[in-house]
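In what comes next, subunit A is part of two complexes: it sits with subunit B in the first one and with subunit C in the second one.
Let's turn to the complex of A and B:
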C-alpha cells in the first residue's frame, strides 16, 4: 500500500501531493486533517477515473484511492 | 459533466451571497459593495484608528458576522480544527501584500465579481489581472511551493480570532464612542448593524460549509480542470447581475463607476498581486476570514496582515481613490509583486 501524509498542508497542496503520489503505485492511502482536502482529493481522483473512499481516523481522515 | 448533486450547494450558496450583496446595497452599503473583504477590513482598520482616512472608518458588522458564522457552522459540523504554525510571518506578509493590491484595484476578488455584476468594465481589467496572478501562483505550486505543515494547536489559539470579532461587536454596539465613524464617503454608507451582521453570519456559515473561494475557482480550473469552486464564483456574478438588472442599477461602462477608477493597467496589476498572494496563502481574502473563524490561526495571521496592510495603505497614501492610483501606490504594488514572488521562489520544496 502506497501511503501519503498530507496533514497540515494548505489548499491545494494535498491534491497536488496526491497527484504525484498516484504515479508511485496503487492503492494509495492519503492521510489528511479535515473534510476539505477529503472532498478535493475525492473530486480530483474520481474525475480522473479512480475509485475513492474515505473514513475518519481519530481527528483525521484517511482517503483510499484505487482503480 | 456538471452534476447538480455535486455542485448544487455551492451554486445555491453563490446565488445567496449575490442576493445578500444586492440587499446590503439597498439597505445602505456603497454601490457594488454589498460585500468587500478588503474594503471592510480597511474600514475596520480605520474604525479602530489604525489609520485616520476620514472617509473609510467603520467597524463593519459584515466581517464580524462572517467570522462568527464560520465559527458556528464549523462547530456545528464538527469541523472546528485548531491548527497553525505554517509560516505565520510569511502569511502575515502575504496578507499585507494582498491588501496593497486590493486597494490599488479597490476591491477584493469578491467585490471584483460584484463590480462585474454591476456593469463596472474596469473590473474586467481586474479579472484579467487576477487570472494572470493565479496562473503565476500555480507555477509556484507546480514547482513545489509550500509554506510547510500546520500542526494542531491549543484550543485557545483557534478561539482568539472569533473572540476579537465578538469584542469588536461589543464595542460597536456598547461603546461606539471609542470608535471612529466616517461622516462622508464609503465608510459613512452602511446597512443597519443587525442586517449587516445577519448577512455576514449567513454568508459566513454558507462559505464555511461549501468552501467558497474566489481564487480557488480559477486555480483549480487551471491545475486540475476542476470547475467546482468556479461554479460558486459564477453563481455570485449571475445573482448580482440579475439583481442589478431587476433593480435598474446595472450601469455598464468605465467612467464614473462607484468606488472605482479607470486606470486599466493598475487595476490589472493590483489584481495580479492579489492573485499571486492569494494562491500562495491557499485562498482568497474571504476564504482566509472563514478559515480564521474555523480555528485556523495561520489564516488569522493572513487576516491581521491584511488589516495592517490596509492601515499602511491609508497612512502612506498607497490606496487608490475614484481619481485613480497614486504614485506611491504604484511603487507599493511593484514592491509587493517582488515580495510575493520572493516568498514563492524561496519556499520551493523539491522533495515534496
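Let's turn to the complex of A and C:
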C-alpha cells in the first residue's frame, strides 16, 4: 500500500500531493487532519474515476484511493 | 435604522429626514500576492457594503496591520491600491490607523450617505420578486488555486478583474428600478447570502442552478478538489436551510457555497421590472443575470433547482 502523510498542509496542497502520489501506485492511503482535504481529495479522485473511501483515525482522517 | 439584529451589510443612522448615514468596516489578510492589487481588492470589498445599502460612499479611513519585515514599498503599494479604488468610487481617504502585527491586513472603514427612503436592506424581498446577480461566482476557488500557482496569467487576470470591479455601476443601474432588497455576496457565498435574504423576509427563495454565472475555470478546479475550506464551512452551517435538487453537477453546487471576495450585488426586484434592471445593467457593462425567484415559504428557506 502506497502511503502519504498530508497532515499539517492546508488546501490545495493535500490534493496536489495526492495527485503526485497516485503516480507511484495504487491503492493509496492519504492521512489528513481535517474534513476539508477529505472532501477535496474525494472530489478529485472520484472525478478522475477512482474508488474513494475515508474513515476517522483518532483526530485525523484516512482516505483510501483504489481502482 | 439598521443595526446588529438583521445581519445586514452596514449600519444605518438617520441624521434627519433627508439624510441617513451608512457606516461599515471590513479588512482581511492578503488574498493576492501583489501589494497594489491586494489594496485594490480590499478597498473594492469594503466600499461595496455602502452601495449594497443604496448609499454613496463619501469618506474612507485606512485600517492597516503589517509585520516590521514588510518593505516600505509593499506598504505603499497596499495603500496606493486602496487609494486608487476609493478615488474611482468618488470618495476620499481622510486618514486611518496602522499597527504592527505578524500578518499584513488591510481594509477600510467607509462612511456613505443616502436619502432615508432610499436605504435598501437585505430583508425586504417580496413574493414574486426575481433575484439578479451582478458578478460571476468563483473567486474563492480561483484564489485558492492562485496561491498554488495553478492559474494561467489570463485566468488570474479574470479573477482579479472580478474582485476589483466596483459595485458602483451595478448600484447605479439598480436604484431607478426600485428593488425590494439588496445585499452583496462575500464570505458566506451565494447560498449564505440568499439564505440571509430569505430568512429576513420570511419567504422561500428558489435558485436556478444553470442560470447562475460561474467562472468556467472555477468549475474545472472544483471538480479537481481545489475548493477552500470556507466553502465547506458554509455548506455545514447552511445544511438545514438549503435543499439542492438531485441532478445538479456537484462542482456547480459547490461553487454556490464558495466564499467570495468583493462579490457582486444580489438584487431582489419585482418581476415586472426585472427585464428593465437587466437591460440597465447590460447597458452599463455589468454582467447581470436573473438566477432565481421569491416564493411563498416552503419546506426550506432556499431551494436550488436544476433550471428555471
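Assume the second predicted complex is superposed on the first by the 67 of 67 C-alpha atoms of A that agree within 3 Å, B and C clash if a C-alpha of one lies under 4 Å from a C-alpha of the other, contacts with A are read in each partner's own complex, and residues count from 1 in each chain.
The rule is short, and it goes like this: a residue touches a chain if its C-beta (ideal position, glycine included) is under 8 Å from a C-beta of that chain, and two chains touch if they have at least 3 such contacts.
Computed from a prediction, not measured in an experiment: that's the story for all the values here.
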Have a look at subunit B and subunit C on subunit A after the superposition and call it: clash or fit. clash
Contacts of A:44 with subunit B and subunit C, given as first, second, both or neither: both
Which partner, subunit B or subunit C, is in contact with more residues of subunit A? B
Once the shared chain is lined up, is A:59 touching subunit B (first), subunit C (second), both, or neither of them? first
Which superposed partner A:35 touches (first subunit B, second subunit C, both, neither): both
Have a look at where A:9 lands relative to subunit B and subunit C in the superposition and call it first, second, both or neither. first
If I apply the document's touch criterion, which positions on subunit A are contacted by subunit B in one structure and by subunit C in the other? 10-13, 15-16, 34-36, 39-40, 43-44, 47
Going by the contact rule set out above, which residues of subunit A touch subunit C in the complex? 10-13, 15-16, 34-36, 39-45, 47
Which residues, counting only subunit B, touch subunit A once they are in their complex? 6, 79, 81, 83, 86, 141-142, 146-152, 211, 213, 216, 219-220, 223-226, 228, 281-283, 298, 352
Counting only contacts in the complex, subunit C reaches subunit A at residues 144-145, 147-148, 150, 222-229, 232, 250-251, 254
Complex contact set, residues of subunit A against subunit B: 7-13, 15-17, 19-20, 33-36, 39-40, 43-44, 47, 59
